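A, B and C label the chains in the order they appear, each numbered from 1.
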Amino acid sequence: MPESGLTWTVYDADKMTQREIYGAVLADLGDKHPEIVGLSADLAKSTKIGTFGDKFPDRFFNFGIAEQNMFAVAAGLAKAGLTPFVSTFSAFASMRACEFVRTDVCYQNLNVKIIATHGGTSFGSGGATHHATEDLSIVRAFPNMKLVVPADAIETAHAVIACMRTPGPVYVRIGRGFEPRVYEKTEYDFEIGRAVEMKPGRDITVIATGVTVFHAVQAAKILEADDKLSVRVINMHTIKPIDRDAIMKALTETRRIITVEDHNYIGGLGAAVAEVIAESGKGCAFQRVGIPDCFISHGYPEDLMNLYGIDTDGIVAKVRDVMGREFETDEDWEDEV
Amino acid sequence: MATEQELLAARIICRAVLPVIKVMIEDNPKLGRKFQGVTAKVQFVAEDPAGPVGAYLQFTDGAFEVVQGLAEDPDLVFRFANVAKMIGMFAGKPVLPSLGPLLKGLVTKPGLLINVFGVLLGMKLLMPTAKPKTPEMARLKVKMTLYMVSTALSQLNKGGDPDMIKWTEKQPERIYQWSVKDTDIACYLKIKAGQTKAGRGEYTRRKPFVHMIFRDIDAALAVLSNSVDTVSAIGMGLVENDGSPEYGGKIGDFMLKIAGMLS
Amino acid sequence: MALTSQERTDLKRIGREIRETIVDVTGWSGGAHIGGSLSMTEIVTILYWKYLRIDPKNPKWEDRDRFVLSKGHGGVGHGVVLCKRGFFDFKHLEEYNHTDSMLGMHLDSKKVPGVEVSTGSMGHGLGEAVGLALGARVLKKDWRVYCVIGDGESNEGSIWEAAMAAAHYKLSHLIGFLDRNRMMIDGPTEEVMSLEPVADKWKAFGWNTRVVDGHDLDALADAIEAAQAHTGSPTMIVCNTVKGKGVKFMEDDPAWHYGGLNSELVQKAKASIAEM
């Protein structure tokens, strides 16, 4: 049994979506951890926490379409000494139940693990009412909360397992499944709070999270082949606590940073990175890529991502745009003696 | 009429080779003393139908700089019949500039000619075949060579070498760094969208795109004198190429080109 | 089992003492939610002195009963009760509302021994009580959960979400109390957002519902014991109470939802309580 506790390979991950792996991992963890209980708000099938529910019916509770109560109950269960995994769509976890997540779970610093699905544009056909494009900026501001956005199914599995060894509230935001595989290996060093360098590079850094990590890696390949650019790609799976060191390293070594997220460009990954850059006092060409502060029409998520420039093509275009930008004030091209 | 290549070589001599005299004077105290308090202009000029090509050394109370073009009232003039001959002299070929104007210098500033010859002899250190006799001289040679090369590459671009231009115009801002481990010898070439700038020391604003790190002075000597080719040198650990191997190789090629132009 | 005459006398006395201390704390702290704390005094007194299985010297005792004050603004009332019951020293009441002191308007479960849930925002505590009750079931424990909610608080949808869930999961070890003092900040509840018929609502939501005089200790005792014996559904005891009960000039006046008392009013209030 590998160190991480994962019993599937990337090949299994290919066959399972992010949500399915989550359900499967949780069901496995349930064996070793009798204190795990599962909660759903009528989305057990959609969020796949139902897999856990099928295996442990006495430890799974559905609350119907009542998210606020679900989180209050989760807090109560945590107070009783259990470890609740709560699942619903990220739009509802972060907005409908916002106060309950903040006041019941975070303020009391309880061991509640929130697996929020359908983040970003991933429930594209649901339209704006079901898009979660402000969730990261909302949840990021809750003290005590850890915020993780896994890039693919395998990373989701790692995140769920990491929940168990991380005390206090954790919010894991995943897609709808069908997000492309990013990792080639099941085992890699996954640690909440530590970014993963997907690809080294020296000309510019793309910091991505969630489904956009795959696109950033693709974009880097294209830029390398076509433009002969050396693009560093960082998977910032943990938005909070953010990996400051990785950002500073990218800043000083490449001096150009782009952030990409399936989220409004206000308040999420881009803002978190910008905070680090601005406070460092060091010059850097910087650009956030995300949904440009608007509500999005319905559509397939891949199309929506393309429309708003957060897919491979969008990242390629943005990198080319930023590469033309000067951040040096030194325009003196005289050779030194 | 000088060819494009000759004019380019002359440009490199005037703008990359001559300035390295500053290093010699600053780092070699014996030589530095000779020019203490000296104020003089030493002109190097080659005749050409399109106009004279050259630069002059300006000593101002001991301070040294190279000024491009013709001086108003030089104390000493090294005049060459054509550009090729000027290149020849700096390549170590047996070339004699015309001596006429030299006599003026002998009269007004005795000792200047001798000291300048001393400098020119010292410049021979830059030649690939020159083997430094002391560790001090070895260090000096490496520093002078690297400074010269970095500037020469920049001048190759500014001077219009088509291959160099093609290579620099597509690149985003990148730093090509040279340094010798455990010494303060370091210089760089900054490239961006067709522009180039040679710089001294270690570039700190970002990580160099290519960093050629010489293991020590001897290793640097071996590589820079081309007694070892770069690939073998890397294999032997004499030099490390930290960064893009393709671009590191390419700049090595340009360095060889410069060596070829000056020989 | 009815109250013995001694129990009744003791509980009445304790109730008066609690009210007097609530008045004192309101006085020296500059202001508190006094009206709603006075209305629930009998409920919390009888729970803390007769029915709750707790150990003040061991507030985290695993098998303790849990009490949740969902109407968290009653913190001053709850704080006085906990202090008197022996959970912490009196000096903390003297520092009530001081910056960063242990006790303030809304009690912090992380700071105050004996407080199970940090409430304050309306509509949270009952849901957490449901969670606690479910937790007891999962862990196969037999401790109970008692929860006091307010009638203004009952406007919140989340109260009814919790009500549905408690009935759905047949949490018969969850016993709720509605402090029905009929007043909220902007006026009488029936004028602001009518709640009646509230007992019918709880019945309709599947709760075993009782209506009692919230200041009648015998009626409360009876209702609680019946609830403890009841199975199959949670119990809601609708307690008809008077906001500001015990202080005549406060009774039934929505203005005393929150207020301050100078020394003159403190004396006047205490004199009124003494006559209870």
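By our rule, a contact is a pair of C-beta atoms (placed from the backbone, for glycine too) under 8 Å apart; a residue touches a chain by one contact, two chains touch by 3 or more.
Quick caveat: nothing in here was measured; it's all calculated off a predicted structure.
In terms of Cα centroid distance from the overall Cα mean, chain A ranks first. Distance between Cα centroids is largest for the pairing of chain B with C. A straight line joining the Cα centres of chain A and chain C is 42 Å long. Put simply, the C-alpha centre of chain A and that of chain B have 53 angstrom between them. Per-chain Cα centroids separate chain B from chain C by 89 Å. On the chain B side of its complex with chain A, the touching residues are 15-16, 19, 22, 65-66, 151, 154-155, 170-174, 195-200, 205-207, 209, 243-244. By the touch criterion given at the top, residues 37, 58-59, 61, 63-64, 66, 68-69, 71-82, 84, 99-100, 103-104, 107-109 of chain A touch chain C in their complex. Chain C meets chain A in the complex at residues 109-110, 116-118, 120-121, 123-136, 138-139, 157-158, 161-162, 164-165, 168-169. Chain A makes touch with chain B in their complex at residues 202-204, 228-230, 252-255, 283, 323, 328, 332-337.
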